[in-house]
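Next come two complexes, and both contain chain A; in the first it sits with chain B, in the second with chain C.
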Partner chain A sequence: MAVSFSRRIRSLAPVLVLLALCLVIASTNSNFLSVSNLIRLLSAAAIPLVLVMGATFVILMGSIDLSVEGVVALAAVAASMLVANDFTSLDLGFVALPAAMLLGGLLGLANGLLHVRLAIPSFMTTLGIGFACVGVATAILGGFTVRISDRTFRELTLGRLFDVPYSVWVAGLCVLVAWIIQERTRIGRWVYAIGTDEHTARQVGVPVERTRILVFALAGVFYGLGGAMSASQLGQGHALLSQGRLFTTITAVVVGGTALSGGVGSVLNSVVGVLVVIVLANGMVLMGIEPFVQQGVQGLLIILAVSLALDRSRLAVVK
Partner chain B sequence: METFREYLPPVVLVLLVLAVGAIEPGFLAVDNLLTVTADTMTLFLMASGATFVIMMGGIDLSIQGVASMTSCIVAALLPELGFAAVPVALFAGAASGLLCGIVSTRLRIPSFIASLAISGIVTTVAYWASDTRSVLIAAGDRDSFLAWAVGDTGPLQNEILVGLVALLLLGLLLNGTPFGRYVRAIGSQERAVVASGIPVERVKILAFTLSGLMAGLAGVVMAGRLGSGSPTLANEFLLPAIACIIVGGTAITGGVGSIFRTFIGALTIAVVRIGMTFVGVSVFAQQIVFGLILVLAVAITMDRSKVTTVK
Partner chain C sequence: MFIKPFGSNRRQFLQATAATGVIAGLGPRIARAEEWTCAVSMRSLANPYHATFAKGAETYAKSAGAPFEMLVTEGNSEKGIADVRALLSRTGGKLVLNIDPNDSPDARVIVEECAAAGAFVVTQWNKPEDLHPWDFDPSYVAHMSFDGVPTSKAITEKLIESMGGAGGIVAIGGILSNVPAIERKLGMEQAVEASGGKVEVLDFQPGDWNETKAFEIMQAWLTRFGDEIKGVWAANDGMAIGALEALRQDGRAGDVPVTGIDGIEAAYAAIEAGEMAGTVAWDPAWTGGMGLSIAHATATGALDIAGEPHEHREFYGTGIVVTADNLAEVRGEPAPIDYSDYWGRVTGQIQYRG
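Up next is the complex of A and B:
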């Protein structure tokens, strides 16, 4: 009984943290709950939400994906070069969106294949792929910044429906898709099975290798979409536009309550995690704290969230 | 098999040097080889401390953040403190490594995530110390306080001397002290080491501290070479640093490795980079090659018997 109670508190903790955070910020600053600030919050949360949907599945398997920034940067640069811009003479309009998602998916597939086929820990393969992606994006542009002149492509994030930017609707759609994958598909079940106990999963016939590869590819598709959205939002493509995204993504996932050891958590946890990170950042801006402090605070959040959420009984040796 | 693994990296290095020399004879000139070595030393310094962490089967992803931070600290403090800015910067590096070790061991957080978190914190410190700008080091300050790192002694660049001293001291620490033996033992068989009563946590914390200290030293030397410190100075150095450790033959599964191997690995990475430029491989393709080299080197050096599931 006591166990189930503490477990319930634990699963509610992220929501409680979010509510407490909102209360504290709202009580010190009346602008926080204004409609325009709430829309600003949602708009800031849109791209992190898309990225987190991919990363959550990877972390649920007990793996990690450190290639977020690289894949986002390369997808953004590719998208910005496919729409009307000042670097290439292409003007393919919305083809850029599926193209960026496809590119992201292929890079994710490379992550998965190298990780599974060569049996290398995922932090290492994704670190390598991510680094190569940033390098390639830098080398393609040679330090140049692509400026996007395609108005309709920029509408993708800047246009509004019921006063809310399209990017937020896109993010909402991604959450729905991810939730359906998690709840209603075999892949979703298998991800939990692998994260909980890979040996048993294998014995009961879960195609562990294929699932792993597929999940990394799926994560890449989300990052590709996030990259296209970043390009659309900034109206630019350059190699450093994704700086800080990896940090926000991992912080959001672990703060939401998804355990790094795998098997515990959900995409909805990660939605709460993103909101915690975004609300905290917004609150710090409202309080006049320098923006560069956010990385440090996120670092502390990671430590705090992981040390509270880690199921230590499963960790005899911590590497 | 073990001897093969032991001697493969140096042999590969010599062959690579000869191959590049065959394409571009000027490369083999002593002056040029010394310059290449000197240019590689910051990378080696950064990787040297992290070698201890990897030998324990852990990883330190904060080294590039720590190096950037100490470059900012030393650049910002040199005008006021003079030479004392150097120990302050090194202390900051060691302190962040210490913090990383404490977080990883006492809170039982896997080292890759603990060091990722620490890298966020040190980046904030770097922005704070540098006031979000890149901080220039006056030529006078550099000549009086950083000459030990960037000047010349006889025919040798001082970077090489600093690198050799680090190689010697860390090599002694790893091969000639109980601490070094414990590091190796933790990497080979942590449960047994815990059971035998060795203070595993203290050894781990010390290894992370060393990693922070050496990354900090790398940042100071980099600041001296570039004449400035900046919060993004060492960005893009993390992967090459890990690559030199692995290419040198240290396995990420722990237990196997040495500082000398990392030294060889750093030179190998440098020679491959130069070789590719000579042959005309585009910078574009070079990045992909480095990513692949790392992944392949990990695959080759990993001890499969130690990992039952690969996450």
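Up next is the complex of A and C:
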């Protein structure tokens, strides 16, 4: 019984960390739990949520995807050039959304193909593709910024339904889609099988290579959407638009309790992880913590969250 | 890269050569002014700052009737230095150079080469702290830069003015250890202090020059301070735009004045829409043209630079505070520059704050 109790605590650890965090912040600043702040938190969480939906599957397989920033930047630049803007004469409106997702998907497909067919570790493949994307975005724009003048496209993040920004609804839809893929499709189950033990998975007939390629492409689709949403949120597209997104994404997945070794975790864990990261950033400004101290607090809390969520009985080697 | 040898084509080169010969026959004094080749060197033409810098230099060269050369380093110090060497040997040292060195150490090599060849050089932004124009009289004519402190103070004063002179402001800084970030924060603090307690900095957070980070910080501030925020100060335009988007999501864009620094196009558009109170535009057309003008005057003997005080050798240009009032003027064609007023737009001698 003791084992199952500790296991249950572990699976709940990220939620407990989130609740504790909320309690501490709310006790020092009552505005934290106001409806308007909760909506602000959700709107800040929307883009990271979309990004982690992609990254979670990759990490569940035991791989890593470092191309987040590059793909997001290139997709944002592409989206901003397809809607009404001051750089091209195009004005395609919401076509930019599927176009950005398609571009992201193709870049993800490139990640997957290079990783699997050439047997390059995902770490290097995705790092390379990510750099290349930023390079291409810089080359297209030559250091300039595309400004979006399409009001309707901006509504994606500025417009509201039931007082909640559309971007939050889009993020919610992404979570639902990701959860269905995880729970109700063969790909979802195969991801766990590969992440837990690739050799066994292969022996029981899981198409390991095809699954890997598909998962990287799927991740790219989410990054592409995240890129279009970033362009909509800031009303512009440029090569450095996505700076800092990679750190937030990987941190959120790990803090949520998904193991970097693969096989353990879920997209719902990552939702909690994103909320922890966003609430922490918001809370430290609310509580007036010195900028110098903030990064230290952030680092300590990440270690705390991971150490609570980690199932050490499954670790054969710590590396 | 494309280097134009003496004017834009061979015919112009031949005409210029012929003209030089004719003028040389008329009198040595006029001829000397014609002989010097004017050149600029900078990182790339892809960013608006350097594109305007080069255009300013070309405008001067045209007005002086001097041949003009444009060198681009493409972010490569080796290439930057090699191009200058090639130009020095081609012009036989009869060169007037206005250069934004790719990196600080490059300045010493370039200055030494120019001094040895008898050319005249003005540097921009980057040079080692222990290298001074007066160490290489008269070849190293001057060094120009921009000071973040007074410009930041000036734009903060505009912000306070647009708030009605009093109230709380929130401030987003750059990366804490960056020199421009430190200077800009200092200028902001000076302006707040000068308000005599009427303006209060509610909170200062480093936004690391990052729009998204500025957006999230601004969101948290809206929760923490709400209506207490009467103005938003950002250390650059990108972060100002990020903060502005957070205000927009709250339906408060335009109600709370926001200022930035750097003069990017998005900031101008926001000023035009009444959502930003102002920004600071640097003055690259002036540094481009005036850098050549001072060096050219020294080369022709019209100016005895070695006899000038240190504040005329190492100085800051003036950042222009851009608001709705002068926006059209700043965005339009730059006003003609009086090239004989060498120090008219100088705001003081360069300080080394360590």
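Things to note:
FYI, the second predicted complex is superposed on the first by the 288 of 319 C-alpha atoms of A that agree within 3 Å, B and C clash if a C-alpha of one lies under 4 Å from a C-alpha of the other, contacts with A are read in each partner's own complex, and residues count from 1 in each chain.
Quick note on the criterion: a contact is a pair of C-beta atoms (placed from the backbone, for glycine too) under 8 Å apart; a residue touches a chain by one contact, two chains touch by 3 or more.
Keep in mind that what you see is a predicted model, and the values were worked out from it rather than measured.
In the superposition on chain A, A:Thr211 makes contact with neither chain B nor chain C. After overlaying the two complexes on the shared chain, residue contacts for A:Ser307 are found with chain B alone; chain C is out of touch. Applying the stated contact rule after C-alpha superposition, one finds that A:Gly288 touches chain C and leaves chain B untouched. By the touch criterion defined above, A:Gln233 reaches chain C but does not reach chain B. Taking chain B and chain C in turn and counting the residues of chain A each one touches, the greater count comes from B.
Using the contact criterion defined above for the overlaid structures, shared-chain residue A:Ser43 touches chain C, although it does not reach chain B.
Of the two partner chains, chain B is the only one touched by A:Ser63; chain C is not. Of the two partner chains, chain B is the only one touched by A:Ile129; chain C is not. When both complexes are overlaid on chain A, the residue A:Leu241 reaches chain C alone and has no touch with chain B. Judged by the document's definition of touching, chain A residues 292 lie at the interface with chain B and also at the interface with chain C. Interface residues of chain C facing chain A in the complex, by the touch rule stated above, are 44, 46-48, 176, 203-206, 208, 210-213, 215-217, 219-224, 226, 241-242, 245, 248-250, 264-266, 269. Taken together, the chain A residues at the contact with chain B in this complex read 61-64, 66, 114-116, 118-125, 127-129, 131-132, 134-136, 138-140, 198-199, 247, 250, 254, 260, 262, 290, 292-300, 302-303, 306-307, 310, 312, 315-319. Listed in rising order, the residues of chain B touching chain A in the complex are 56-59, 61, 103-105, 107-114, 116-121, 123-125, 127-128, 132, 190-191, 194, 231, 236, 238-239, 242, 252, 254, 282-284, 286-288, 290-292, 294-296, 298-299, 302, 304, 307-311.
By the touch criterion given at the top, residues 29, 31-32, 34, 36-37, 40-41, 43-44, 86, 142-145, 147, 157-158, 165, 230, 233-236, 241-245, 278, 281-283, 285-286, 288, 291-292 of chain A touch chain C in their complex.
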